[in-house]
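As structure tokens, the structure follows; a few thoughts come after it.
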Amino acid sequence: MRRLLKISLQKPELAAGLLLICLIVFFQVMSQGVFLGVANMRGVLGLLPEMALVAIGVTLLMICGEFDLSVGSVFALSPMTLAVLMTMGWGFWPALLIGLLVCAAIGLANGWLTIRFAIPSFITTLGMLFMARSLTIVISGGFPPRLKTDEIPMWLFVEFVGPGNLFRASFLWFVVIAILVSLLLSRTNFGNWVRATGGFLPAANAMGIPSSTVKIACFMICSVLAGLAGTIQVLRIGSPLPSIGEGLELAAVAAAVIGGTSLLGGIGSIIGGIVGATLIRVIDNGMVLSQVNGNWFKFAIGALTILAVVGNSWLRKRGRAMKVETA
Amino acid sequence: MRRLLKISLQKPELAAGLLLICLIVFFQVMSQGVFLGVANMRGVLGLLPEMALVAIGVTLLMICGEFDLSVGSVFALSPMTLAVLMTMGWGFWPALLIGLLVCAAIGLANGWLTIRFAIPSFITTLGMLFMARSLTIVISGGFPPRLKTDEIPMWLFVEFVGPGNLFRASFLWFVVIAILVSLLLSRTNFGNWVRATGGFLPAANAMGIPSSTVKIACFMICSVLAGLAGTIQVLRIGSPLPSIGEGLELAAVAAAVIGGTSLLGGIGSIIGGIVGATLIRVIDNGMVLSQVNGNWFKFAIGALTILAVVGNSWLRKRGRAMKVETA
Amino acid sequence: MMTAAREANHDQPIISVRNLHKWYSGVHALKGVSLDFKRNEAVGLVGDNGAGKSTLISILAGLHPKDEGEIYVEGRPAEINRPRDAMNLGIETIYQYNSMVPNMSIARNLFIGREPLKASFMGVGLLDQARMRSESMEAIANVDLHLRSPDALVGELSGGQRQGVAIARAMHFKSKVMILDEPTNHLSVKETNKVIGFVKSLKEQNVTGIFISHNMHHVFACCDRVVAMALGKVVLDKPISETSIEEVHDVL
Amino acid sequence: MMTAAREANHDQPIISVRNLHKWYSGVHALKGVSLDFKRNEAVGLVGDNGAGKSTLISILAGLHPKDEGEIYVEGRPAEINRPRDAMNLGIETIYQYNSMVPNMSIARNLFIGREPLKASFMGVGLLDQARMRSESMEAIANVDLHLRSPDALVGELSGGQRQGVAIARAMHFKSKVMILDEPTNHLSVKETNKVIGFVKSLKEQNVTGIFISHNMHHVFACCDRVVAMALGKVVLDKPISETSIEEVHDVL
Amino acid sequence: EEKLDIVFAVHSSASNTFWQAAKKGYDDACAKVSANCQMLFTQTEGSVPEQLANLEAALAQKPAAILTSIVDNNALDDVIQRARDAGIVVIGVNVDDLEGAKGNARQAFVGQGFLAAGHSLGQAQAANFPAEGPIKVLVGISAPGQNWSEQRGQGVINFLEEYKASSGRDVSWEKIDSGTDLAITSDRVGAYLAAHPDTTAYFDTGFWHAGVARVLADRGEVPGKVLLGGFDLVPEAVEQMQKGYIQVEVDQQPYMQGFMPVMMVYLAKNFGLAPANVDTGQGIVKAADAAALMELAAKGLR
């Protein structure tokens, strides 16, 4: 029993989950029950998949030891490509495919540049952040094209489903993808290579892992997930604005770190990234319900974010200090 | 001779400097001589110190193995404190002092939280980014208070000085601070500790270096420099806007990295950070003079940033590959 | 024809190195090394610190690129650009440093890059975790190392335990050529003896061994030939039977 | 009074350890270790991999906190919370791993934390770089290590060269107590002999030595006493003169 | 005849749709008079220092005219003065110094100030306030600390204060940090509305209330139960106006704001006609006008 507790506390994603529950209870009380009400939950759960999909990709990439700051721009570029192609008369599916292929190409470029020239991915993807955003504006001419909603199978992406219409279809996408990527990371040899590559690159290389390929694959997965998330968001809000996703890069990295992913690579879990993204969304939403003054809003968000990580680290430390032989 | 070339090429800050010169020549041609003209140089050199001061602090901190994302907010908070105190009737000097003390306190908080709870500084300072920005807005009420320019010794900070009125006084501040921090890093035992702490923390600890103190000191220097830079900017533009410095955190990190500082700590130089900051300013200014279409502007910036680092890395590789016995 | 010719020539060296040069930025670490490793032979590679031993074997293992010279494996010119290439040619290496990922478990470390899969598609597949656990326990027991569980992280092991895991890995995946760079460092007496026994046993299993050590007693206990390097060059290359510890010490 | 009493009692151990316990998360690494180190004595600490030797000395060196037990230095209870505390008490350590910053030069590594200063203010001052260069060359030459220049980066050295620098550092800053955790690993024969000579010479210089090694020959060549550990406990503690290599092997 | 060099430096980034419409007007006008035109956006939305840096660089090129949005009362004074000293025509666009012509050396102003725009937005929406009961208003400050957002919000609040005093009704308001992202704004305001179902109206200082309209539709609220109003005519906002969720929208005719100054520069440089102030319209758009605007908006003309 104590052994189990110890093991759980030491897992950062579980500690973060515990904090998440505390926060939910806190906000539920603060908001006098509105927080977990259907109306609010529908809002939270509608937005969550978009953030969480980005966080999944970024977490995977960070475990692999690299950064992606371009996710926010890719988030905008992919749906913009889709919308522009559709106004040019393309069907939804081919346009979607091209949109995601563009993301994959950007991921490939990020990875290739980073590895070929041995430069930090921070710079490659920072440059790509600017470039992809610029492309988004260029292809749209600055104006959001109208989305031909009637030609799009909305029910597949954003219609409400499930009991009490609590979820959107995007939630299912998210769950499926989360499970797949989790399995990829924890149960396959590819996942093993990702961890080794991020954990200690010289050793990974020495043991014959194709670490460049692994990294490029992670870059591509990350970009494609960001593009998919952006597409879902655009379908939900109905307008492919060229400005969506700005600032998402830091939020996604923060989600990963809150969930226990190391900035140095090698450590982390997909579920941790998801918990982190949820935590960020819950804090944001809960603060509104708690009627924080507009000018203090950011302060509260910042403080709670730090608090969440401090709490997480503290719980882990408690866990480690428990004197139970586990091995 | 070849030996000297080899050694120079291997130094990232020198390679970056070489690229900087190439870029300057390029823009000079592209802009038909306007770039190096007095009018433009006055503009560039007037802005440079602000960005470069921030880059100096961030570079130092990164060499020490930590991040500071809160510089942009601190950049705004310090002058806002100054301005608000002055409207409350304080004199310039005490108000300036308090403004910088606030920065020092933020640096202290960043460092203490990071070390005490063993959490990534990415998160601490991300939280602080929000908190400091919020405080800026709160104390200003959202609107810039009037700066009592007549009570401020402007000549000490932003008046034009030097031959042909090419520089502002801020440039001298910047030069002096750059030299001091460079010396601190390269010629003192403190600098040695900074490098060791960032280079390999377990070894630094094992050798008895007070690495926590070193880190906290670097956090504080970084914050104070950011605050000073913000104050200079506000004195220059004459209005303590609560929104200045947004997005500065990534730019400062980019400057450091372009100048050869490692994201993992331990490697880098102050002059590299300055060259990096200059490169960013030059690219930005040069693009304006080259009349790039507004919608493609970001694309060009992103591409040039990547190119600068790729070029830097390539030059270093050339340098390393030169077969000359150096040792 | 070719094959027959090669088969016939059983004395042909399994690895030949000709005029190998290596520069590390400002250091000329290998200055024209030529060396043959015969089949089923255990070679002791000795030399002062910085002589270039690790450099030589890291080129053979594909970790560093060579600057000049040729490498022949079984008589054919070999391009070894990555560790994977060396592995495919049958060269297995234990490095002096950097051979484990600290944040991963022992079981995972043992199998990195060669995971047993239950099902796979285009090289990516489901791990056979049960097999990984059991085989890793076995591999570790084989080197007389007593570890708590295969799920402990390598970064939490003592220095010798870590080295033991590296040895276990190499012994588990033995190949045509085994390169061991100072494998007995950090190891306890018992395990050291296991390693020496292992090197001795390679011959019976038709495996060529390259054993780097500063301990001449170990080298003389298990090798057939000793090669001494100094300042990036080979300065002595004799069968054990024709030399002595003293002679080797003298040239170093 | 106090001083006189202490001076008188010259047999009083320089370091006493009582009932030391250490937990690493899920591992009970030290299970009640009690041990005395006398003045001017060279103690060999041996034991199987994972026995707890490094753990014990890292507690003495202030790298890890203890969980239970007392440490007395020169008879007084000592709080060793940081490596600096240990250094101030006169305990100097060479660790098995992690003792150098790879990205810094040899000269800087040698002096990290104890830089010679030309002028200083509140502990921060200008480095005396000329002195650092010359003293570091000297220190390195003292261990028979031949390095190109004191400005080379430690990360670019060979395994043995790196270890040599660590030894040079410890020999340069020798103190009341010297702890050496497997110092001869990676070292060439010549340097190994230097290290053994160094441990032997400690006695003449009134320094206590704690020497960890898996090589019993080395231990028996330079120590006065041998302490063997197994599974976190001390299992043997005898003067060299009263025991033999075989007896030690037997208890391990 | 030499081509006129004109530079348009604004405080906004290229991804802002409003300014893209202004750019279109600007580019079209430049083509008409064959001027050599450059539009300078900032990297960070709303960054005055970046705008200033762009202006400095533009000044070095000695263009014939500079167009700029004067978002701060002091920050741009010096550059504008120096430009004027160098014989450059300077026209304020979209936002002016709060002191108007006295505030700095710009020659003319095209557009409408933030404060005034906020005020007229409030005024227009007030017509839709329910006749009875307390009025509870939420004002979303999209970017706290940014002039454009704070001033627009303040304009709305100023109106509410006047309205409260003049009508004597129970009027209350709250400010939140509503964010500059459709998804974030809809989540935050959606949460607020869930907690305060009795809210009368929401004012956004940008166009992000369009996302809020979606939330209301998703919740099955009837259009008009919560009144929505904001700035700028993006297609999404127009669509929600057609559906009835958004009642009023401030449209300053960005195309015109980009177009007119170029003409003034042309006239000034070629014929010496003095640039004059142009009010690009109170620009209140109501649901009834929406259908007609849809087409124009999609073309970037409104």
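Which chain is which? They are A, B, C, D and E, in the order written, and residues in each are numbered from 1.
Basically, a residue touches a chain if its C-beta (ideal position, glycine included) is under 8 Å from a C-beta of that chain, and two chains touch if they have at least 3 such contacts.
This structure is a prediction, so every number in the text was calculated from the model and none was measured.
Least step count on the touch graph, subunit D to subunit E: 2.
Centroid distances built from C-alpha atoms place E farthest away from subunit C.
C-beta contact counts were set side by side for B-E and B-D; B-E has more. Chain geometry summary: the mean Cα position of subunit A and that of subunit E are 33 Å apart. Here the CA centre of subunit A is 30 Å from the CA centre of subunit B.
In whole angstrom, the spacing between the mean C-alpha positions of subunit A and subunit C is 42. In this assembly, the C-alpha centroid of subunit A lies 48 Å from the C-alpha centroid of subunit D.
Among the residues of subunit B, those in touch with two or more other chains are 133-134, 137, 142, 295, 297-298, 301, 327. Contacts with at least two other chains are made by residues 25, 27, 148 of subunit C.
The set of subunit E residues that touch two or more partner chains comprises 14, 23, 43, 141, 144. Contacting chain pairs in the structure are A-B, A-C, A-D, A-E, B-C, B-D, B-E, C-D. Considering their complex, residues 23, 25-28, 67 of subunit C touch subunit B. Residues of subunit B that touch subunit E in their complex: 31, 34, 37, 39-40, 42-44, 46-47, 76, 133-134, 136-137, 140, 142-144, 146-147, 233, 237-239, 241-244, 246-247, 284-285, 288-289, 291, 293-295, 297-298, 301.
Across the interface of their complex, subunit A is touched by residues 61, 63, 82-84, 86-87, 93, 95, 98-104, 108, 111-115, 117, 120, 123-127, 129, 148-149, 151-152 of subunit C. By the touch criterion given at the top, residues 24-25, 27, 47-51, 54, 96-97, 145-148, 156-161, 163-164, 182, 185-192, 214-216, 249, 252 of subunit C touch subunit D in their complex.
Interface residues of subunit B, counted against subunit D in their complex, comprise 187-190, 192-193, 195-196, 199-200, 202-210, 266-267, 327.
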